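There are two complexes below, and they share chain A, which is joined by chain B in the first and by chain C in the second.
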Partner chain A sequence: MSEPAIKIEGLHFSYGKKQVLKGVNLEVPKGSIFGFLGRNGTGKTTLIKTMLGLQKPKSGKCLVGGMDSFTQTLDIRKRIGFMAEDQQMYGWMKVKQIIKWVAGFYPNWDYEFSDKLIVKFGLSLDAKVKELSKGQNSSLALLLALGHRPDIVILDDPTLGLDPIARKDFLRHVIELLQSDGVTVFFSSHLLYEIEPVADYIAILDKGVIVKSCKTEELRESVRRFILTPSSNTNFSEIPGILDTFQTGNTISVTIEDCTEQKREKIKSMSSNGTQENELNLDEIFEAYVIGNKGLESIESKI
Partner chain B sequence: MKIQGIIHQNISQLKWHILASLAVIMVLPAEEFIVGLKDGYGFDIGLTVISSIIIAPFLAGLIACANVQADLDERRYIFWRSKPAGVKSSITLKYFIGIVLSVFILACPIILWTIVSLFSSKNLFESDFWYIIFLSFFFVIMTYSLCFASNIVVRSTARSWLIGILLAGFVLIFPFFLPLGYKDYFDIYDSGDIFMIIVAVSIVFAFIFSLFAAQHDWHLKTNLRRLLWVIAGLVFIMLMLFSSQVANIKVLQEKEIEPLLVMNEVRPIGGILAENYNVEEFRDYLRSGEIIRSISSGEGEYREAFWEINPLEYVGDKVLFRLRYYIDEVDNKISLGEFKSTPEEILPKPVTDINGYGQSTFPYNDDRFIREINGNLYSFYIYTYDRTVEAEPHDRTIYEKVFLRSYKYTGHSWITVCELDISECITDDMINNEAMRIIGDKLFAFIDKSFAEVDITNPEDLKMITSKVNILPRQNWYFYYMRNKENKVTIPLIPAEEIDIEERIRLSIDRFYHSHNMYDLSIVDIYNKKISYFLIDSSDGIARYEVTGWNQDEINCELKSFRKLTMLEGMTGAKHGSDLFVKNGRLYYLTGNSLMVFDVRSDNRIRKLGHFVRINYEIQDIAVLEDDNILLCLSLDTESASDFTKNPKRVSMCLLKAP
Partner chain C sequence: MPIYRQIIDQIKYQVATGMLKEGDKVPSVRELAAKLAVNQNTILKVYNELCRENVLKIERGDGTYVSSSKQNISVSERKKAVANSLREVATLAVQLDLPLEQVSELLEKEYKTILSQKAGSLKKDSKEK
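Coming up: the complex of A and B.
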């Protein structure tokens, strides 16, 4: 297996006494589109800032393109294209001025490519940045992130604040430009339907730790929801990997990760009149991981 | 990273701030320049340039905040930091671009001033000019740096500007915290480079701190309340130091004194009958239907009332107040002890009756020039009698007689005990201009250009020792003021060979500068065989002259140091009627409602020790006690011209701790 594009080991970070990242471990394979999920305020942006070398972690290691993000910051940034959520640029600059200004930071800026992107995104070179629409602003930010042909692109909630059409356009551009190019894309979002169609890999960050990281397909396959009416001697604690349980009348729905044949049989044996097994979409899986109750105590007490 | 691009970006994003700052700083000099050019008044724009320069540090702070804020706004910060731009080099570049722009803004009025001076042939390049310019640039860079650092940490323009400016103010007063014994702002400037080092260190510190803070993205997530507390704390510290600059002489005790009114009854031919009333008595007097202030055109009989002036007179080692009381100072508390004298029923000695002549006395006020001799109180007055003769083009005043009279206090009144005719001092061109001083048992009475030396061993039997007629230059009417800022001054030495040379020099200098109260106070300090004297300069400063030598006729003096008053000191009092005197190596400078005390013996500098200000009050008189504590008689200016009793004057006695 080739070296991962991004490798994070035991990363801790805190703002004063508030611990934000509590031992994050993550590997982003080269050439993948990596969906990074998490609710607002779980530490997504903090992790990205650490990856960019903007802040020093309390402990742990963060390698981007094989380089240490805190000691080789400038080298890393030359290879990274970054676009932040609701990116604020210099409103008083014209599009051509800001491109020229950003290009000045990169010795390998691809002017031909950036010219193509200008045409593709329908940007006017003489327009002032503050006069652009939100969609155009995102397109310009994407252009500025890609103009130097980076190996790794980090997108931090890039579609925040865009209307559905602009969001679709933006994603289309990302897929067209990056998927076929062998570029690693680290796509952070809290909008699951945005990530689902494009991501090869998914990681879910919750309360400062990665609760799940695997291929998207694997995730879809491994998480199942069972609906059953439990028999009197039911003990759900015998089943490992329960993410969520929910009771409606006599019926209970149980969401399980890493669903194996053995687990399936076990659940079926707990039902008094048959079991219904459902596949979940990414949205539901995310929900189960992030807000699922994981415990069974409340349900057992009701049975 | 392309430096050119960064510079362009920086300047472009600050262009409106630069234009606004230029407009603010240039408006006054430009207006003055245009008016000067149009009206031809010599084009001197110096004063307006200096007032504009004062705001330059504030504008520099604004430029710093705008400079930082443009790039360190949180979302924009991530935008440029995610590019391969080294934060240290970017911030360094940004910092120096801002400094260049701030200095450019400051330089604009100075350049205009320089050009205008070339046109107007003004001597711009005096040392003061360079000093102001040097300090201004230094302060601008400091304020800029502190605001820059503050904005990196506090990412809000207004708050960080305020904090930066407060920090700059704090740095300016920081030397007072150090154990350097600083009390006077001029100590800082005069005592070498310590202040400059502090400012330079603050600049370097602010710069290094900015680099670290930007690199580590340190920024405060404060709420407004916490920030306001911090600001309030800083302001409080600054105000404490500020007040210690303005009024740092401690008041040990303040005692209210009953105000008194004086009613003068002026009679047609000579003679003024003065009577004292307190407010209640005066009310009764009004009820009796008498008319006050029926002032005629100067002739005839009239009465006038006014608030009594409350003199503090040195009598030996004690201070006498309103004639009747000794100021008793024990354990830093004052009390008025009534002067006890042995009532002695003696008959006043009849004085020469000169009817039909105009009469004037010196000292001009009552209760002055009192001495305790052989356990009794005596006072001395010069009486001058004149008549007016018709002449062309103006009537002429002819002085006929001059007497020195001594009075003795008998417990309730003063009676004449001796009269000495010193009319030989009269010259043909004499003007009414007298002075007196007692040295040992000799009294020197100056009558315009002559003087008489009188033995007062027994004040009831005054004896003329000698008189010198028409040998002195006429006294300077400009009390204590420097004339034309001369560097070297020659003062005639009074030919009074009987007294010690140092006292003779002191007498000559005091008399030369028309020390109207020279009988008590002196502007001369004699210390370690060095004789210095002090003058007020019309441009709000105090000059120290040193006696460099003398011969039989003259004393040679040279200007040795000059201390300009700070703007704050200059604001605290009226200059008219300013008073200056030296006692025990301390210079006392009274300006209406303020008193400043300076040390004049350390390092030959004029070093401020303390300042006392009482707004709305007037310092009526001052007495420096033996322990250097200061006694002041203050009065609140509530004088009413029509009815004194409705709004009585407030008089208080203040004992101030020696600063």
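Coming up: the complex of A and C.
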């Protein structure tokens, strides 16, 4: 396989005493759309800022396009496009002024392309930035991130605050403009259902580490929930990959990842009267990873 | 249901009801991906699967078309394909305690609806011509 577009190894980062990233490992394949998920405040933006070289990690390595985030920051800026979470732009500028201003930073700015995007996004060159709608604002931010034709694009929660139609339009642009051209897209969000249709891969960040990183379709296929009444002396900790356990009365539901035939048999053998196997919806899968008790909590009645 | 499954079902439905006709060209992978805001690889998977099932046909370097080779599939093959889907229906019906007569009734109704839709779209077509 070719060298990944983004490679992160053992990355640690702290704000003072507060540890935010506790050994993040991640590989983003070239040309993929990579969905990066995590709840608010889990360190998504911190990781992105570190990737861009805006802050220095305590330890670990971060390569973007084969370049070191911290020592080759300027080279990285030339090659990647970045759209910040809730991007603030000078409200008093007109659309054409802000484009000219941003383009000035990039010797390789593609004016023909940015003109094309103006038309495609339905932006008016003479509109003031502060008068744009939220959807137009994010279109403009995307335009500013893409004008120098980067081969890696990092989008930090780009659809935050957009209505469902504007959101879909935005994702459509990502697919049409970026995937078609083989650009690598690293896209953070806190909504799994939004990421699923567009992403080739998904990674989930929780409590400072990547708790899951896989192909999008695998995520849906490999997580299963079993409902059973356990026979006495069952020890669920024998099964690897438990995400969550929950007991009501004498019935227990067990959610596991990477469900194989072997694990399935094992669980069936623990039941006193048969098991029910369910697929989970995307919200439930995300929940199982980020707030599941990993089966560590002693199982006792909670209701 | 995974997204690629949903899209497969929709295309099959459109073919069955005559909204898409034999020989019609379907959008390119890029176009459909952009239209639905879905990853291109997902659409690629959908088209490959539908080709395998003889619903679509890829003409190299030209595009993807609704296949007209349905008649080439033997009756037993076609029966097998239908039986596979009916197993799910049967399982659900037994689980929900729905008697066979009522299930047959439902099947008949759905079958006729689709046929009449198909007839409707054929009629509209000949008018346009």
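Operating definition for what follows: the second predicted complex is superposed on the first by the 297 of 303 C-alpha atoms of A that agree within 3 Å, B and C clash if a C-alpha of one lies under 4 Å from a C-alpha of the other, contacts with A are read in each partner's own complex, and residues count from 1 in each chain.
Keep this in mind: contacts are C-beta pairs under 8 Å (C-beta built on N, C-alpha and C of every residue); 3 or more make two chains touch, one makes a residue touch a chain.
Nothing here was measured: the structure is a model prediction, and the numbers come from that model.
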Joint occupancy of chain A by chain B and chain C, clash or fit: fit
Which superposed partner A:Glu176 touches (first chain B, second chain C, both, neither): second
Which superposed partner A:Ala199 touches (first chain B, second chain C, both, neither): second
First (chain B), second (chain C), both or neither touched by A:Arg220: second
Partner chain(s) touched by A:Thr248 [first = chain B, second = chain C, both, neither]: neither
First, second, both or neither for A:Lys49, with chain B first and chain C second: first
C-alpha centroid angle, chain C to chain B via chain A, nearest 10°: 150
Winner by number of chain A residues touched, once chain B and chain C are compared: B
Partner chain in contact with A:Asn40 - chain B first, chain C second, else both or neither: neither
Touched partner set for A:Gln88, first chain B, second chain C, both or neither: first
Minimal inter-chain CA distance - chain C and chain B, angstrom: 26
Overlapping contact positions on chain A, where the chain C interface meets the chain B interface: none
Residues on chain A engaged by chain B in the complex (per definition of touch): 49, 52, 54-56, 74-75, 77-78, 80, 82, 84, 86-90, 92-93, 100-102, 104-106
Residues of chain A that touch chain C when the two form their complex: 33, 168-169, 171-172, 175-176, 179-180, 196-200, 216-217, 220-221
Interface residues, chain B side, partner chain A - complex: 1-2, 4-6, 8-9, 12-13, 70, 73, 75-76, 78-79, 81-86, 216-217
Of all residues in chain C, those that touch chain A in their complex: 2-4, 30, 33-42
